[in-house]
């Protein structure tokens, strides 16, 4: 079976499975699966940035967190608890609790920086910011780094430091962000009169829909001419320059796309899990995204997505008992090392190789392409 | 004022000890060891267990931890890192996977927890290391109170720095190391056993981390996660100082340590760390080679 | 005379060392010009300066009357200068065909290319034929042999179709048969493109061109037709040796 056909069949099967799940699972599990699917969008984002652009973003959690907090702010203001203070405009409960005695009961000045919340009274603003702010941040940091031709390792370190920096700032700005506690007690997300209770099937379908959309969008992008040029840049940045391409513009563009996808994943996570927390910006979380992509297959949009969902499901199942969780972490660490050492294209790569060998035995030469220096091996793109 | 400088110095000393090992493996071998923080952590646990079960005096825990972490480092190089030379980002990722594993091993008492055995001194909880009395009495010099323990840290850092300098610039091993890091293939053609040099270098850098761990155990509680932020801090120091430059590592740990201390004084710890991160990001972008870069690796 | 490339008093300096020293050079449209010289004479640095890899400390590089001195690499490439490197740099993980699709860089802007699919054109097929890689078009470029890789990269430059082609030691590592094949390809380009070649293999040089520029220690030592250079006393002393033109 040709790889392209296999992908098509596989996608259809997966979508069918996704659509059938609500009939099979209870509300609690359905909600959990929806959360894992938001991680799937993160997998797609990692595939674009790392697999195709060759940019190792060790702080992808930054954009996930930004998206999450933007929407969470709107949902917090819309929550019933925010009006209980008896104030004319909604004020987040933590601000009321933390306000100095005698502070004006007004969102503009109840605590320092609280005025930043004012525009979030409109829910569409939260959604808009959840897309725009990650894009702007990625644009800023991306332009600065890629214009200066900062090399791969330093990009990784900078993105990591940036996520950690943001986490510290977030925690420290307690009056505005509720610090460690994050934003909880949020209202349900609603669009055009439809409310998305996290435990109802319609929320699940919302996530599935956005996930499917991101998969389609990502596939479209990477199979475009720009996607091909992006992979050329990944393989040999300088050579691409000498062909007349402005390398930085390609890197920035796809970096921003990756950030927007991560931000969207963050927003969906808030919709399903009903909270936003500084833990989204933890090193561990960002690193787990790298692990998902490495194991699932960083060069494959679908592979990274499934890797994210699959590994998250396993981790969740393992966290039933502490002993199991520790054992799972050990296994995961070993799998990750194994993937880095032996499977640069992840499980998707293995799968693709198998298909190719089945398709035509004498073309199996193409599958065993020599290992490129940074381990960024690709299946022939577009298949 | 002297107090502020002093605290900054002791912070810088710890940073330097952690960064020195990293600087050596990255600068000399082109390997990013994200498990370095765990080597520090294991050094700290060595102190915990040695003091608890073997009654080893605190000061002797340092050479012991050097051996323990050094051995683990040696094993890491031979089993894992060896396959990844030339693949810089892959060394980062693989050693990060290793750090996962090391943290979990401590959490499960190296597997004994699965058998229902709980070893006091290991496991996910916090541990403490008692510092001997003679290190806790404050010294009075010229009207200033200096914490003895912090002075001790600075002293140890200086001694290890001297030892490292001597090793690299005054021994034949050091010459071989410099040859291999300049050009591996040529050095090998000249008869240098580059594999052995690499393994020992990695072991040495890891040993330094172990000593740092012992010193840290006297300053803070010991737990399995203590190493994570250390390796990141250490990396930022190395990158700012300039790859391959020990002088750079010294200068940058001094600078970053002092800034951390100063900002922490005016504001708070959190803002101090944030400021350091922001500064490092700016430096990497403006001067990608670092402050004292020797060569482009 | 219609000069595609005019170089005036070009100096390229690295920490005080002048790799190229006050060099003047004119290349006419459609010409094949070869630059020879010992290692360290500054030949590759000259190419680096023209293609934007090295910055000129002094002097001017004029391409079709436009001053391209110190322009960024991609802008120079877009202006119509293509380069083939001494060490083959190709996109190892992409197929040969895809390498060529990337090289077809008429419209390089990212926002433009996001909305387009990779393009297969007649020119790509022609070049594949020319370099003899039609059979391996869909294999990963990293699988090719050394000689094939050299031709493949030569093909990339052809697909790019620049007005001025810079070839840096195109026959390095090639067998005699491969070298003569390369000469064929280059001769076929003569007239339609202007070509600047850096080479060591004098037999090859003789089979492709008419005018040679000799560089020595960053400066131009001599310039003229092959026969003149062959017998030039200073050139013989500095580079060719008393044996004349053979394999240098």
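Per-chain residue numbering starts at 1, and chain names A, B and C are given in the order in which the chains are listed.
Quick note on the criterion: contacts are C-beta pairs under 8 Å (C-beta built on N, C-alpha and C of every residue); 3 or more make two chains touch, one makes a residue touch a chain.
Note that the coordinates shown come from a computational prediction; the quantities given were computed from them, not determined experimentally.
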item	value
Graph class of chain-chain contacts, one of line, ring, star, complete, other	line
Central chain of the complex, centres being mean CA coordinates	A
Chain whose mean Cα position lies farthest from chain C	B
Chain B-chain C separation of Cα centroids, rounded to whole Å	49
Whole-Å gap separating chain A and chain B, where each centre is the average of the chain's CA atoms	32
Chain A and chain C: spacing of chain centres that average the CA atoms, whole Å	44
For chain A, residues contacting two or more additional chains	none
Of chain A, residues touching chain C in the complex	221, 223-226, 228-229, 231-232, 234-236, 238-247, 249-250, 253, 365-366, 369-370, 372, 376-378, 380-382
Complex contacts: residues of chain B adjacent to chain A	32, 80, 83-84, 86-90, 92-94, 96-98, 100-101, 104-105, 107-108, 113-114, 228-229, 232, 235-236, 239, 268, 270-271, 273-274, 277-278, 280-281, 284-285, 288
Chain A residues touching chain B - in the complex, by the definition given at the top	56, 144-145, 148-154, 156-158, 160-162, 164-165, 168-169, 171-172, 283-284, 287, 290-291, 294, 323, 326-327, 329-330, 332-334, 336-337, 340-341, 373-375
Sites on chain C touched by chain A in the complex	51, 72-74, 77-78, 82-83, 85, 89-95, 98-99, 101-103, 105, 108-111, 113-119, 138-140, 142-143, 156, 160
